[in-house]
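Chain IDs A, B, C and D follow the sequence of writing; residue 1 opens each chain.
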Amino acid sequence: MDFRLTDDQRALQEGVRKLLEGRFGRERLRAAVDGPGAEPVPSLDRALWRELGDAGFFGLRLPERDGGVGLGLPEAVLAFEEAGRALLPGPLVATHLAAGTVPGAATGKTVVARVDGELVEWLDAADHVLGNAAGAVPVRSVDPLTPLHRVPGAAGERGAVTGSGVVTGSGAESGSGAAGGFGAADAVLAALLTAAEQLGSAGRTTEAAVRYAREREQFGRPIGSFQAVKHLCAQMLVRTETARAAVYGAAVTGDAVEIAGAKLLADDAAVRNARDCLQVHGGMGFTWEADVHLHLKRAWTRAERWPAEREAAELLAAALR
Amino acid sequence: MDFRLTDDQRALQEGVRKLLEGRFGRERLRAAVDGPGAEPVPSLDRALWRELGDAGFFGLRLPERDGGVGLGLPEAVLAFEEAGRALLPGPLVATHLAAGTVPGAATGKTVVARVDGELVEWLDAADHVLGNAAGAVPVRSVDPLTPLHRVPGAAGERGAVTGSGVVTGSGAESGSGAAGGFGAADAVLAALLTAAEQLGSAGRTTEAAVRYAREREQFGRPIGSFQAVKHLCAQMLVRTETARAAVYGAAVTGDAVEIAGAKLLADDAAVRNARDCLQVHGGMGFTWEADVHLHLKRAWTRAERWPAEREAAELLAAALR
Amino acid sequence: MDLTCTEEEEEFRARLRAWLAATLPGLPPRPDPRDWPGRRAYDTAWQRRLYDAGYAGLHWPADAGGHGATPTQHLIFLEETELAGAPYVGANFVGLLHAGPTIAAEGTLAQRSRWLPPILRGDEIWCQGFSEPDAGSDLASLRTRAVRDGDAYVVTGSKIWTSHAEVADWCELLVRTRPVSADVPGHRGITWLALPMNAPGVTVRPLRTLAGTTEFAEMFLDEVRVPAAHRVGEENDGWRVTMVTLSFERGTAFVGEVVACRRTLRALAEAARGNGRWDDQEVRRALGRLNAEFTALWRLTQWNVSEAQRAGGVPGNGGSVFKLRYSHARQELYDTAARVLGPGCLDLAHDWTTDRLSSLSYTIAAGTSQIQRNIVADRVLGLPKGR
Amino acid sequence: MDLTCTEEEEEFRARLRAWLAATLPGLPPRPDPRDWPGRRAYDTAWQRRLYDAGYAGLHWPADAGGHGATPTQHLIFLEETELAGAPYVGANFVGLLHAGPTIAAEGTLAQRSRWLPPILRGDEIWCQGFSEPDAGSDLASLRTRAVRDGDAYVVTGSKIWTSHAEVADWCELLVRTRPVSADVPGHRGITWLALPMNAPGVTVRPLRTLAGTTEFAEMFLDEVRVPAAHRVGEENDGWRVTMVTLSFERGTAFVGEVVACRRTLRALAEAARGNGRWDDQEVRRALGRLNAEFTALWRLTQWNVSEAQRAGGVPGNGGSVFKLRYSHARQELYDTAARVLGPGCLDLAHDWTTDRLSSLSYTIAAGTSQIQRNIVADRVLGLPKGR
């Protein structure tokens, strides 16, 4: 047993981080957020999407013979964690999961959206939609970088996933399930990759809070020297590292219940860390200019993806035997 | 409107506090707790009970023509708050509520217990039992100063109280309800008086934590100068004062739903304050010699009285119209 | 423990209620939130109506043009106007609740005559220039400096979190008139000035919040000349001048908000009953718990107001206890709203979604929860100061 | 990220499992918790069996009489013994997990030969004399003093929270050999001594906890003579000597407990299904959330053990992160147990009620949560030290 990252995994992690820093750094992020108009409709950066495709982000788990990178779930989780850190926008999970079945998805040529319960992210930008989005109406999305549509009548309990199935397949073997080209196994994988994004966000807001606490001075000293702020930051780290263990563990086992648990803890870490980060930033955290609200809004958005807290808790309870 | 205590109410509060300090001070409390044997069965101090009766503790709300003091719910709440502070043992609520109906209850000659759901406190010490305690079996009570019996088959949802009735009657007008001589109005009054006891306990543990934090030194200074400890204590006060407003308010209006809310907040304040008090005391708080565990165990015991958290929350939800 | 109102108080309530019923239907439609001149016009017109009806400056002393109402009457006023859905104090906030009372307490007769009547009539709008980018929780570290030059102060610096700056006529400004040194702690050497917003060198820039709105502004001051006659109180005594009023809080600060939260809570229960979430025990009980919470906060308000009334308007520290609990409860309310809405919580078309965003400031603005806990620990509980 | 065991590790597990299956049925019944001599006999007999089977000192280095097992093997050992319901380390705890490793790392050859074999064989029991009534979180402020007198130290003072003191042969004792002064900070001037518990002047008094048990004791030392040869490490260097081992924690500290908590959680679910509480969504989902929690804590354990393995046994600060989360989760577990039990949670006849009481110490013992957060903030996050 060696749960730590292998050298290859570490290199992958660093590679994705560098790619995103270069192609979607802070300036690019702010440009996307601060577009013209009070509520600019974000547009998908197709060139970036192709670049992600070229870098293997979408085809990561496809066999090499199919033009993929031939890696596994742990590697996909590391890549999505970086995407979460960078607040990378777009229907990343759907496109990644469609890589084996929807032509052009793996290379980033085809943008794929999916219907999850009553919501669809990035519908207008998508070339291909998994699930039935008929009659979808646009929503004034709380996250400025995630356009949303609502599919009327699609509400109700989601997720046929129960029990403790294990998902290990690459995208090639899934994607043909019951719910409009998005099967139960894919739903579980989507939950795991979403959890990885949340983990990345939780880690990023922890770092941001710590950096601000070191620099910001009040009462003649850095606010990070006050126990109240110290302890907020410490609890952020605890949440992040617990979620990390859960997400990485779930990536290794691929167990559906463990993945539900990972999503639950990662959702909690992302949302609460963003709020604590905001608290540490004080008034500055309440401004549009600070990035912390983008993390919070995205974290809220991802938390609504299947399984939401309530759904995950029920799944985890049912598995207690 | 003047929500503050009147001079008479203040005098009553002080009088009860002094009485209890004199008759059930710390030494008396510890003697009751540290009796012979590992788990001494506490016995009711009949002399003290009579003295409480003489002081009007039980007959507080009885009309003067019936030998009572002729005061109202707010005064009863103040007296029970003091009882909670002092950790005064015995079936105080049941005896107080029986003062108008059970002969000798008002004077403290008759000790009255009552069946609340599946539990009865102080059954063996009681001269009179409200409700059907047939077949009751003794329980190894977590609270060393509250002997408990369990009535088999009496489980299930309690409390026929719904809606938002107002209880204003003195003991003389109630006590003849459905459930074995303990009607719905009495159940609501019992909840209020229990909440008052919890409030007293919450206030007492706040004081104890603050005192200890001022005296105890670690790292060369009082632990109360550390923000982490300061903030624990501050939150204790916030819980206490919120519960106080809720309990006093409910005492004035006598509204059944408001009383359920007061019980919910007072239960929370008593339990969480006892735990925070324990945390502030560190290792010393974990010893039998410290009083804090007595507050926690009693708070747990009172929290199980009707309405427990779940029951109160449902009542409060149903009233939202 | 008396929660009933006196006959006089009930009469006051009845009169107010009748006036509100007669007046509110005649109000023009509310302006768009982004239309600042429209908002100013709306808010000041409402203030003028209050003035004409004898409700302006209700709790101000008579010698300041007010009606010397008790805290209880003020509470009734705030409760009834909120229940009736009357306009908020809006752009009149700083004038009525802070700058005005400060001038009333510390200003000269000339200053009171010049500034107070226009506030009460809704003729002039004030904003507040206290916070700075580097002086938030630690207000005493403010750096905007003022140098005396003849009969004026020359002011340079910047302020932040200034509401209604775009439409304000005056700004109550705190400036540093003596540099901080070993002998001069931060809160000495501060002076209170009334800054005319149209003075040359004043630049206002809207500040966008995370809710996407521009309720606040930044203000930049570049060698702005402020007549020395606009100074309230002594030079270097501005900290005390300000604190006198900041603490002149009679427990009524959040009356309208608590009333509004209780209404929101009932609306949430109704929505939950409508969309099926009511059947979720977790959601339902969360609503029940919030019922207990906001009922208690209403009682706590009445408690604090009663304390203030007896103590003659002198502040207790109940304000910090209340704010700590209320800030948290309000955030909890909107988190629960999100559970009721389900995925709809991501839709800004729901007011509760935008209110959820705004509520994020509650544990920060006007003293973070961390600062409030320090205040409670140090001033109420008497715990030793940290080093 | 590899959670599978190597072939060698699987073989180790299989062998251990077989041995446990063969051995456990032959154990005598567990003694009454209040029967200290019985407990000692039971615990030491079990240790002797482990010794004979080659499992004693599994993770100790070979030159200390151990088997040099990797952290993973140690984790497997703790996991399997807990799963099999084997006896706990009990009275052997301090010897095997602290005093022994300290002597192994810092003792002379003679000291190691004298003290280590009896620990491994279960012949001698150690207890720990570190905490004092006035030195808890701030251990460096300990006051028990030792004065050199010829070839012995004369020790006077008192210790608290000493487990198994009633039946211990030795105590690893920290004493002050140089007074604190401006030049000598608290953690300098401390010396590590092996105190024979039968030495004249040693008095042990049971300390009753809030759970009603006497798991701990107070120890009073009145001019007790301890041979200087019983000093491990240099005089005044005891702080370092102790910390070397205190930090020699390879992520395995709570393995058995986490396994036990997961078992308790399943038992709670079963009980809830049995008594109807399962139909309460709040209770059911609370159990579901705890499932996520303890699964994650198990993964976090594996993570920390992997870190320790790679780093060669040198500590990370993952221990504080784990302990913060675990302490809270464990208290949550028993609070949830109380919800499953309903009024039954007041009955000490339920193990969960007594376990709930014991769990109250988790956020205090071995470093309060407040201290742990300081450690995480200062050492892991690098936040500036407070003043």
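The definition used in the following text is that a residue touches a chain if its C-beta (ideal position, glycine included) is under 8 Å from a C-beta of that chain, and two chains touch if they have at least 3 such contacts.
Computed from a prediction, not measured in an experiment: that's the story for all the values here.
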*Minimal step count in the chain contact network, chain A to chain D*: 1
*Name the chain whose C-alpha centroid is most distant from the C-alpha centroid of chain B.*
A
*Hey, which pair has more contacts between C-betas, A-C or A-B?*
A-C
*Mean-CA-position distance for chain D and chain C (Å)*: 54
*Find the geometric centre of each of chain B and chain D from their Cα atoms only, then give the gap between the two centres in Å, rounded to an integer.*
39
*Between chain A and chain B, centroid-to-centroid distance (C-alpha), Å*: 49
*In chain D, what residues contact two or more other chains?*
280, 282, 285, 370, 373, 386-387
*Where chain B touches two or more other chains, by residue*: 226-229, 231, 310
*Graph class of chain-chain contacts, one of line, ring, star, complete, other*: complete
*Name, in rising order, each residue of chain D that touches chain B in their complex.*
34, 131, 133-134, 136-138, 141, 160-161, 207-210, 212, 280, 282, 338, 342-343, 345-349, 353, 357, 360-361, 363-365, 368-370, 373
*chain D contact footprint on chain A (complex, rising order)*: 1-6, 9, 74, 210, 213-214, 221-222, 224-227, 229-231, 233-235, 237-238, 241-246, 248-249, 251-253, 257-258, 260-262, 264-265, 310, 312-321
*Within the complex, which stretch of chain C touches chain D?*
280-282, 285, 386-387
*Which positions of chain A touch chain B when the two form their complex?*
226-228, 231
*Over in the complex, which chain B residues touch chain D? Could you list them?*
38-39, 117-119, 139-143, 148, 150, 155, 217-220, 226, 228-229, 275, 278-279, 282-290, 292-293, 296, 300-301, 304, 308, 310
